[in-house]
Each structure stands twice: as structure tokens, then as C-alpha cells.
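These are the structures in question, set out in turn.
Both complexes below contain subunit A, partnered by subunit B and then by subunit C.
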Partner chain A sequence: MAVFELPDWAALAPALILVATALALFVIDSINPHTKNRSLLAGTTAVGSLAALGVAVWFMVAGVGTPTAAGGRGVVELFGGQLVVDQMALFFMTVVSVVTALVAVASYDYMGDHAYQAEYYSLMMLAATGMATMAAANSLVTIFIALELASLPSYALVSILKDNRGSVEGGLKYFLIGALSSAIFVYGISLVYGATGHLQLEAIADNLQGAGEYGGLLGLGILMLIGGFAFKTASVPFHFWAPDAYEGAPAPVAAFLSSASKAAGFVIAFRVFTTAFPLEPTTAVIGVDWTLAFIILAIVTMTLGNFAAATQDNVKRMLAYSSIGHAGYALIGLAGLSADGGEIVMGAAMMHLLVYGFMNTGAFLFVALAEYWGVGRTFEDYNGLSNQAPVACFALGIFMFSLAGIPPLGGFWSKYFLFTGAIQAATANSAMLIVAAALVVNSAISLYYYARLVKAVWIEDPVSGRDTLAQPTGLYAAIIFAAVLTVVALPVFGPIADAALEAATVAIS
Partner chain B sequence: MMIEALLAVTLVGALVTFVAPNRIAGKLAFGISLIPAALSLWMFTAFDGSGNALLDGELAFESQFEWIQLGDYTISWLVGLDGISLPLVVLTTVLTSLAIMSSWTPIDERESQFYGLVLFIEANLIGVFTALDFFVWFIFWEAVLIPMYLLIGVWGGPRRKYAAIKFFVYTNVASLLMFGAFITLVFGLGDVTSFALPEIATAMLEGGPDGFAGLGGSALASVVFVAMFLGFAVKVPVVPFHTWLPDAHVEAPTPASVLLAGVLLKMGTYALLRFNFTMFPEQVEAYAIPIAAIAVISVIYGAMLALAQTDLKRIVAYSSVSSMGYVILGLVAYTQFGVGGATFQMVSHGLISGLMFMAVGVIYNATHTRMVTDMSGMADRMPVAVGILVAGAFGYMGLPLMSGFFGEFAIFFGAFGSGLLAYSQLFTSLAMFGIVIVAGYLLFALQRTVFGPYHLETDYDVGRAPLHDVAPMFVLLGIIIALGVAPELIFDMITDAVDPILENGGDA
Partner chain C sequence: MNVPIEYFVLLSMALFSIGLFGILTRRNALMFLMSVEIMVNAANINLIAFALYHGNLTGQVFALFVMALAAAEVAIGLGIILVLYRNFRDVDVTVPTTMRW
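On to the complex of A and B.
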């Protein structure tokens, strides 16, 4: 028996800590607007996001958000169900805060000589707050607000290198496509509201029957919502901002967007489709099984991402396309749902997003390190880096093989579960066999370009006349930490899988 | 917990070696590798298992605990040894120690990383041969690829980049095919609740799959059988999936070649035996003729390819294709001597091909060429190394009282009398003809390189090889002769584990 009960809103603590950190950064900035005290700013950011991480993990372990039937403290609903803190919310808050922490530590070196230190970190914390709120949002309105809260700082972060053409161009493209997809998303919300008369997700589900005569309208609204998710998760058809934005953005920001922002996009997709549009009643109303859309999107996204990645010469663009490919893998989590289950695929997609948070962030941070060194951007420029920086290159090897899904690294586990889940889903929907086959074929293709980077740094002869490479503490720490997490996923995958599967089971039921 | 100890020692040893200074890495790795070798030899003497690991046999050194619960399926850590896997584990540990010693001369850059990777491979190979849960097994199976890719890619010959990526892509694509097929099978088997191989084997033999996604039960079993056979066939390799092998071997540094031919190829045949030939007796019978045809073609075609080579290492590499053909023939015969002989041949070929690659490597260290046309009369300058090369070649040809003789004899004996394989006499006779070609190309190559007047255009000082190059070859030769004289040392435990397989379809 606890001595005192925390109020319900305390369940939002991870998001609240993130926003408090952002405010603290504003305070620091207003006390000394020209501070160059990088340690203070990056330190505050890192401590804030680590605190959010710790609280989120603690809540999960302590059973906050776990249904009382399963021995937990119950799902916390706030503001009339506008926000909800359940296992899925906490799981994705964990993903967001761990990525934020890694990126903040890495930015200490990368953004070292940048003029707008406080702005950079506070924008990042605001975006992280938006993403954490996305994890908990349970109504189309809160989802939209959280989405915009995450997006607007992101546009600014991408173009924060104001004098760099690529950065500004990437930011502009990101913003234009983001604005377009937001418009589509809002229009989709209005159609869903028009058909069902509700915005809160459970209420939408309860009123699907009433939308009978507006089935087409509802279907169109759902399609538009999918457009909004596709933008946020960098999936087909709104994927094309990603390569330009990631390439132009500072590498830590690219890491942040491609890992945390993608995961946040997926959590709202998971929540909206499992809560608001349960498969059977929705199919009865709109006449089409919405998993079909995700099956097509998953196959197209992963194939397009992988083929495009295989043809790149620029490492950062390769990673950008690979990030599109991984969005395709995660989409399997929705494609594999069926009336009688699918918790394995969805749990696997959640695991994949978590592991992806480590390995992809690590890979982008290695690019950040390379940019810090100034060695160039293409595969050839990376040749033989292992002679001068074996530790970082060893970590890079771990990230690449993990992204390719080679055991015993973390990426293998989540891909393995995705595959197993897809095959199991095929008992209900044999189209999932094609998805499973596409997953395998794409994994095989992806090995080519991931191994190419490993080959460049480890096997090719070094570029002659390269200067000695520095060892920036923050970047190295972040990269090594990400590599350790990718490897340690092996022994601790049991609890991770349990958490994700439980969360998925609760979300689906 | 012996197997866990074995794995842990090797993995920790790999990490220690990885961070050790280059200067001492070779000696350190050798010292470390003696621990798993000694442990596995102790396990060999203390072996108390009986029967087949998948078919209700008594496992030795078994340990099991649940790991991950995935929906209705349990993934558990399940390891153990039976009469098929134990000899292969001993082969792995002993061959790794010897391969490490044989790399002291040729490896002269990034030593700590090299030896660390070799030990890492060893750990994964032990895992492949001991794991009895599909999930655990697959992790080890795939994890072998990364270090081997790097061994070839970083320390290999001039075309190493091409060879490394070819090796990786071929074997990985094959693994994915096999993996997809097997997972489909597990879901097709209605009442299975784990990935443990014994449980799956039992379910397969008691009724088989119910069907999956529109495929009926027996159709599913056939599809899975063929897909898994193809997946493993690349690893073995058999014709026409063999083209990665010569490239990988020729470019790989000597110790990597030793492990590649000695143990990695056996992963393919071991998996064929464990999966295809244990779980699918009906499909083995149905596809016996095509499989036997593939085996015979591999034997003859591989030997013909070897005949056409002028690079000593390529000759040995292609002859592996030929030897692996014998193993497949023995498996498909489905008799005690056939399958038992095939398993014996896996060990025997691991020893002999390892020996041959070491001998060629020692000659290369001194001459810096492997071309048959570049040298002659090497016996004059390197009598000991060349003597061992000749002895190894005779082992390859199947000289009695060496292990190769017993392995091939058992395979032919078993295959000739096979009741399951139609036209078995014809297939066996054709395969026997391979022996003639093997003798032909080996003798032809030896005649040109080691005998005759000494001739070699080189600036290098060619002299006797150092002791630490020759010693591992003597050890291998000793084991080869010991197994040739007393094959029952391992053949008894092999047949003990093979017999239960044959009770389900073949004639025991």
C-alpha cells in the first residue's frame, strides 16, 4: 500500500518532464541569451530525457497502464479520454526519450560551434514532447495537436544550419510536404467526424454503426488519415521529403527524425486503427478491409526504400532510404491484423521500432561523426576509416548488420518476430504470405548496401592523406551506448518482447 | 551446463583476443582455443547419450530453459549432444586450435582482430552443432557469416572483396529461403507450441502438417522439403550452387579456408541430416532419385572441375564439392552404412581437407605462388611439408587405413544396397568413378609440383617450414590415421544416433 497516491495526471510524467526540460532551457536562454555553455544546455537536455526515460521504464515495470485484470494499476484515462496512458504509450515514450537522450549527447560535439545553442536544444525538447504526447493521444484532436507540436519544431531543426543550402532546402521541402499532409489529415478528421459525430477514438468505434449510410465518406476519411501517418512515418506515398530532409539536416537531427519521429507516427497509426476502427465493424461500414491498404503500402514502401537505398552513393541518403524501407517493415504491424488476432505482428512492429531507435540512431550518429571529421559524404570517402577509428567503425558494423537483420543483433530479433507474425497472420489472410516473402527478399537486398558500408570502412584501402581523426567525447559516448543497446538486446529481449506483446494485445482487444 | 561453459569460454576468449595487443594475439588465441578443445575432448570421453537427439534419444549435457514466449509459441534455450553432433563439435574445436597455429606465419596485420574473429566463428559453430531449438540454432547458423565475411574480406587475396560479398550473399539468401520454409512448416503443424526441434520432428513423424494458406498437408511438406533442401544445398555446396566456394576458398587466408572446408561445409550436410532426412522420411523417398542425381553430378562434375585447375587451392576447393557429393549420396541411401558413413565422411573430410589446405598454405608461405605450372620438385626443398601434402592427397583418394577410406567405403556399401533409392547400384557405380578422377587430378598435380627436378622462379628463399607450421599438420594426420585404423571410435556413436532415423522410413 502506497503511503500516498499520485494524481492521475502524474501518469503523463514522461511527457511532462520533457516539456519541463524545454521550459528550463528557455529559462536558461532568457537569463543569458548568448550563452555558449554547451555543457549546461546539452547536459540539461540529456538529463531531462534520461529522466523521462527512467520514469517511463519505471512506470512500465510498476504496472502503470497495465490493465488491472493483468495485475497492473489500470489504464489511466485523462481529460475524458482525450489522452490515455497505457502500455503502448509508455513503450513509445521510452523509444522517444532514449533516442532524444542519444541525440542530445551527440549534439554536444556536432553543434559545438553553432550560434543558436539554446534554441536548438529547446526545439528538440519541444519536438520530443510532441512525440511523447502522440504516444498518449487518444482523440483525433489531441493527435493532431501533438502531431503539429512534433512537426513544427522539426521543420526548424532541419533548417537550423541557416547558411547551409542543403539544410534550408531540406527544411523547406519537409515543411511544404508536411503542411500538405497536415491539411489532408485534418480533412480526413473532418470526414470521420462528419460520418460518426465523434473525435474521441473509443466513441468513434462505438458509433461506427451509425455511420452506415456515410460508409464512403468514412472510407475516404480513413484513407486521408493514412496519408497523414504516411508523412510522419516516411512511408509511401508521402516519403519523398525524407531523403532531402535527412541529407540536408544536421546528422543528429536526421537521427532524431528518422527514429523518434517515425516511431511516434506509428504509435498514432496503431492506436487510431486498433481503437477507432476495429476491423470487423469498419469493414461492414466501408465495405473494404483496411488492412489491404497497409498490405500494399508495406510491400511498396519496403521495396521502394530498399531498391532506392541500394543505388545511392551518399551514405546519408542511403540511410534515409533504408529508413523508408524500415517504415515498410513496421507497417506489417498493421497489415497483419485480423479479426481474430495479430498481436504478434503488432508487438513485433513495436519491438522493431524500439530496436530501430538504437541501431538507426547509431548509424546516423556515425554519419554525424564522419561529418564532424569532415571526411566527406560518399561511400568512397569512408574507405578505410577503421584504420584510424576502429572502435567507432566496430560500432558501425554492429549497426549495419543489425539493420540488415543478421543474428545475434537486435535487428534480427524484431525482424524475426515480424516474419513469424506475418506467417502466422497468413492463416487468416493469405495475402500476408506475399508480405512475408517481400520482407525476406528485401532483407536479402538490404544486406547488399549495408554490407557495402561495412566493406568501405573495414575492407577498402584507406583514403590517402587523411588527417588524424579526433575523438569527440559526446559523439563517441552516444555511438558506443547505441551499439551496446543493439547488442544487449539479445539477452534482454524476453522482457522487451513481453512488454510489446502485452501492449499490442491490450491495444487490439 | 558443459555446453554453456564451452560457448562462454570461447566467446569470452574471442573478446579478450580482440582487445589484446597484436604481438601476442596469435599465441594467446591458441592458448585460449586449447580450453574448448580440451573441454570437448573430455565431453567426448564422458559422453553418456544414446539415440538421436530429435527422436526421443538420451541427450548428453542437455540443458533447457524457457526464454521468450511469443504468442502460443515458446522459444527456449535447448542444447544437447548426441552421437551425430558430438564428433562434429570435437572436429570444430580441434581444427580451430590447429588452424590458429597454422596462421602464425601468414597473418601479419591486425592480428588481434583476426584471431578474435576465428574464436568467434568457433563459438558459433559449436552453437550450430549443439542447439536443438530452431530459433537458437538459426542465430548461431547466421552469426557464422559475419566473421567469415570479414576474414575473407579483410585478410584475403587480391579478389577478396568480390569473393567475400559473393560468399555472404549466396549463403544468406539460401538461409532466408530455408528459414521462411521452416517457419511456414511450424505454423502448418497444428499442435506444436515451441520451436524445439525434437517436438517438431515428433509432430512431423506423427501425422505431418495440417496444411497452410491453401496448401494441403503433404503438399506443404513437399514444398518445405524442397525449399530447405535448396537452402542447405548452397551451404554444402552441391552443383549447381557451388560457384561461391572456389572463389571464397582461393581468396580466403589459409586458416579461414581450413575452417570453411573443414567445418562450415559440414553445417550444410549436418542440417540436411537433422532437418530434411530426419523430419521428412516420406519426402526423402519421393525425391530420392533427383537428390541422388544431384549427388552423383556433384561428385563427377566437381572432380572434373578440379582436374581442369592449375591453382593448388582451387583443386582442393573443387574436390570438396566432389566429396560433399558422396555425403549427399550416403544420406539419400537411407541405410545404416549410408547415413552413418555420410556422417563419418563429414568428420573425415573436415580433417583431410583441413590438412590439404594447411599443406598448400605452408607451400604458399614459402613460394608465394600456388600455380601448379610455376613450380616443380618442391619435395627437394620442403620434404616434410610436401610429405604431408602427399599423405593428405592419399587420404583424399581413400587409401585404406586412413579415415577417407572408411567413410567412402561405408557410403558406397550403404548406397549400393539401398532399398529406398531406385537404381542405387547405377548411382553408386557412377559415383565410384569419381574416385578415379580424384586420384587422377591429385596425382597429376603432385607429379608436376612436388616431384621431378626443382624449379621455381622466385626471389624468395625457399626452405623448410617452421615447426609451428608443420606441427598442426602432423596432429591432423595422426587423427586421420587413427580414425582410419579404428573407425569405431566415432562410428559406433554415429550409428547409435542414426538408427532411430532409419526406423521411420529407411531400412535400418
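On to the complex of A and C.
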């Protein structure tokens, strides 16, 4: 069909485009070190991430990463299986690049008077590169390196407002917990290596049987790996950095971390646990079914996130806790895996992460807009904003109801798939019924605090008089685009669901 | 090699626990950073000992990567601790408490 065949390494194009954009930003910065040309810098970032998005979608449609037997072009393995480009990798590269593009456009206004423009955008592209590489990493070595490549720029991004105490404090807390969890993660890797003698994921799976006498080491190693994933996805027990880091960070950075970084954390968890630790042989060696850990984590994470969110007065902090709650929903994707299936829950978790990427980024960008206006941070400060900014507040309503899972918005459908998947998984593991019940109860609770924000902007009267509010082009464009994506996710939900389910099937088999 | 592998694992676990103890008890951000380094180096001991035990070089090569990444992490960490000192006039991690839930 094709006139010429692209070389294998071209399958990594989305990640390569992201890193090339980061280097281009460095070149711009070295030619003109103090440039404040925001259009050039934000434009380069946005074009680069949109190009990565386009290529990732094109590859998905063209069948890269689908097994040849299913009519695709085959899963591409690179560097001796250290990196692998399959449907799941492309799916998450799509999520990362679309969030990066939205955040870059929004940062044009939000970071308008910041002294270090080029540094900000290049750090963001480097973090995006790390996240895209995490999607393709297929060995504990590449996973760890990609994870650090995503984390290190993120620490700097959170604390980039150097004279703002909140930003520095958030960055410090994020860094300290991140450093601790990456130390635990690398120690877990060393234990898994000790038990199996390999770091490449398929090789680990092949050598699980030989690890029989080191079952304890392997089990401890897996537990420590879960710690590393929990940090990256902001789930219990390493969730407590999230509220502080998101509240202190510039709001576009909080949007970036809570959507793209969380999705990237989930893709490595999905890949490690489906490829390296298949359920039956692993249970035989360590004596415990690892889905049990994820069942507990999913229930605790979603309950803690939602209850804490319901008690907040600060909007950004409420969104931070709701982001922890959504990590709990996505964890169902791992909790519901069973020896003979689980494509539906994992596919549903991937859909949820994609839709969440739009609606959560949009919600944080609305907070960015409110911070840009300087209206304040609590629910009361948001009262009556719809009088001055109806369009943005309408978009906010879409984000909130989609996050809460109100039909017919995208957030409802991904939760619906998660629920049906969990019910189906309950035939193999009855504990999944509790998870499904927790999902429903928590969604109901979440409606309270999401609706509270919508009520504040649309129904309440402002506490004090307010001047007319500016309409920053970049922020408005990003918010409206995110809202359109959240709504458009509805008619195209069929193809999205197919793509996610197919990707999950390829990853599990 | 005459030393059984168990001793290496015990050594690395002892180092890891020392690091973890340091993180839980120290209030100085720099001491915190050093404790994290001890934990990472405990993992390196494991990796290198197991590389010898299994007879492949994967672990040794990965240990080199881990050292490089740990250095990069410290560089970022020192930068953040520097701005912390500029803003709070202290490197005590219990001082910055403007945000609480």
C-alpha cells in the first residue's frame, strides 16, 4: 500500500517531535537569551505538540502498533525491546500531546509577565517528552529514565515562580516526595532484578518461574514499584504532594501535571503489570494476587479524594483532591484484571484518562483564567462570574458536569464503561462488586462539590462589585478548545472506545 | 566470589532503612537529600551484586544510569532548596506551611 516504508525508529516520531521542539526552544533562547517574544515561544511549543498529536493520531489510524494478524502494521519493538510502540503507547502519546498543546496556548497569557519564558516552555516540552517516552517504555530501565525525565522538569515547573512562597513550597513538597518515591521505585527495580535477573519486561515474565525461591524479594519489589506508580499518578499512599503542589504551582502547570503526568503514570503501571507480571505465574511465585493491592488502593484513593474535595473552600485545592479521586477511578483498570480478561476495565480506564485529559485540563485552565483576573481563590470569590464572562463559565459548566459524570457528557461514558467492566470482572473476583459500588457512591458525592462551583459562578451574586474582566485570547482559546473536545468526545466516543479496547487487548495478550 | 548474595541484600536493606530513617526524622532539607542518596545507593549495591550473581551486565549498566539520574535529581533539588532559602530564610522542611488542608 505504502509507496515507501518508514524505518522502525520513525514509530517514535511523536516523542522525537516533542524533544526536537524542546531543543528548538533552547536554540531560540541561546540566540536571544532574554527574549520575551511570547508568540514565538508559545507558538513553537503549541505547533510542536500539535505536530506530535497529529503524527500519533495518524499512526493510530494507519494501524501502527496493531498486530499484523489483526490487519495492522505490527507492534514496533525498538532497541532490543527496550521501547515498544503499540496502540497503547500511541493512545497515551495522543493524551500527552493534546494536553501539552492546550497548556502551551494557555500559558501565553498566564505566564505573560514571567522573566524566564523560554526556560518555562522548554521545561514543559522536556517533561512532555518524558511522558511520551513513558508511554513507549518496555523495560524497567527505560521506564525509570523516562519517569525521571518527566519528573525533574516538573519539579522545576511547579516552583518556577521563584518569588512566590506558595510556588516554592509546592515545588519543595513535590520534589521531596518525588525523590523519596523514586528511591523506593529504584530499590523495587533492584529487587525485581535480583529475583528474575532481567529488566526487560518480557524477559522478566519469562523468568518468573525461576524466581520461585525469591518469591518474597519479588513480592517486596512489586510492592515498591506500586509505590513509584502511586506517586506519579497521585494515588494513595503517595498522594499527599498533590494538593500542595497543584495549589502552589502556576495553574497551567497544575493542569499539565494533573492530566498528562497522571496519564503517563498509568501507562507504565498498565504496561509493567500486564507484560512483566502476568497474573497467574506471579501469583504462583509471590503467593498473593496483586490485583488485591489495586482493589484496596482504588477504593481508598477514590474515597479519600472525593471526601477531602467536598470539604475544600479553595477551588484549586478542590480540583486537586478531585484529581486524586479520578486516579482512584482509573486504578479500577488494574484492579479488574483477571487471568482470562480485563480488556474492558483497562480500556475503560484508558478512555477515562483521555476524557479526563480534556475536562480536567479545562477546569484547571478556568482556574488559571480566574487567577489571571485576580478574582481570588475560594468558591465565594467565584460568585457571579457568569455576568462578566458567560462563555468561559459555560465551558466551566461542561467541565464540571463531565467530571461528575452526568450523561450525556464524555465523563459519563468512561465511568459507565468502568462500571460495566467492574461488574463483569466481579464474576472472577467478587471484591470488584465493592469497587463498582464505591465508584457509584463516589461519583454521587463528587456531584456535590462540582455542582457547588457551577452554582457559585451561575447562580450566586458577587460578594463585592467587580469591574469588567479582560478576555485573554490564549486562555480563552484553550478553554474553549478543551470544552469543544469534551463535547466532541461524545459523538466520537465509539471510535475512542474501540481504540482503547483494542489497545488494552493488545497490551494484555 | 565467596561472599553469599544474602549478605549483599542485608547490607543494602540496612542502608535503605538508614536512609528511610533519616527522611522520617531529619528536618533539614539537605539532610533529607543525603538520605535519599543513601537509599538510591542501596539500590545500586543490589543491582551490582545481583549482576555478579546472575552473570549478566544489565544491573551494572543500570546502576550507572541510576547514578547519573541521582546526580541530576540533586541538581534540581539544590536549586529548589536555594529558592526555598531565599523565600523562607531557612532550609528546615517544616517551616513552609502556608498550605494546609
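In this text, the second predicted complex is superposed on the first by the 508 of 509 C-alpha atoms of A that agree within 3 Å, B and C clash if a C-alpha of one lies under 4 Å from a C-alpha of the other, contacts with A are read in each partner's own complex, and residues count from 1 in each chain.
The rule is short, and it goes like this: contacts are C-beta pairs under 8 Å (C-beta built on N, C-alpha and C of every residue); 3 or more make two chains touch, one makes a residue touch a chain.
Predicted model only: the values in this text are computed from it and were never measured.
Of the two partner chains placed by the overlay, neither subunit B nor subunit C lies in contact with A:300. Of the two partner chains, neither subunit B nor subunit C is touched by A:469. In the superposition on chain A, contact of A:193 is made with subunit C only, not with subunit B. Look at A:20: by the touch rule set out above, it reaches neither subunit B nor subunit C. In the superposition on chain A, contact of A:487 is made with neither subunit B nor subunit C. Of the two partner chains placed around the shared chain by superposition, subunit C is the only one that A:248 touches, whereas subunit B remains out of contact.
When both complexes are overlaid on chain A, the residue A:78 reaches neither subunit B nor subunit C. Residue overlap on subunit A between its contacts with subunit B in one complex and with subunit C in the other: absent. Put simply, subunit C touches subunit A in their complex at residues 5, 9, 12, 16, 19, 23, 29, 32-33, 36, 39-40, 42-44, 46-47, 49-50, 53-54, 56, 58-59, 61-62, 65-66, 69, 72-73, 76-77, 79-81, 83-84, 86-88, 93, 96-99, 101.
Interface residues of subunit B, counted against subunit A in their complex, comprise 67-71, 73, 113, 135, 138-140, 142-143, 145-146, 149-150, 153-154, 160-161, 164-165, 168-169, 172-173, 176-177, 179-180, 183-184, 187, 212-214. Taken together, the subunit A residues at the contact with subunit C in this complex read 140-141, 144-145, 148, 152, 155-156, 159, 162-163, 165-166, 168-173, 175-176, 179-180, 182-184, 186-187, 189-191, 193-194, 197-199, 217, 243-244, 247-248, 308, 311-312, 317.
Listing the residues of subunit A that touch subunit B in their complex gives 343-344, 390, 397, 401, 406-408, 412, 416-417, 419-421, 423-424, 426-427, 430, 433, 436-437, 440, 443-444, 447-448, 451, 455, 458-460, 493-494, 497-498, 501.
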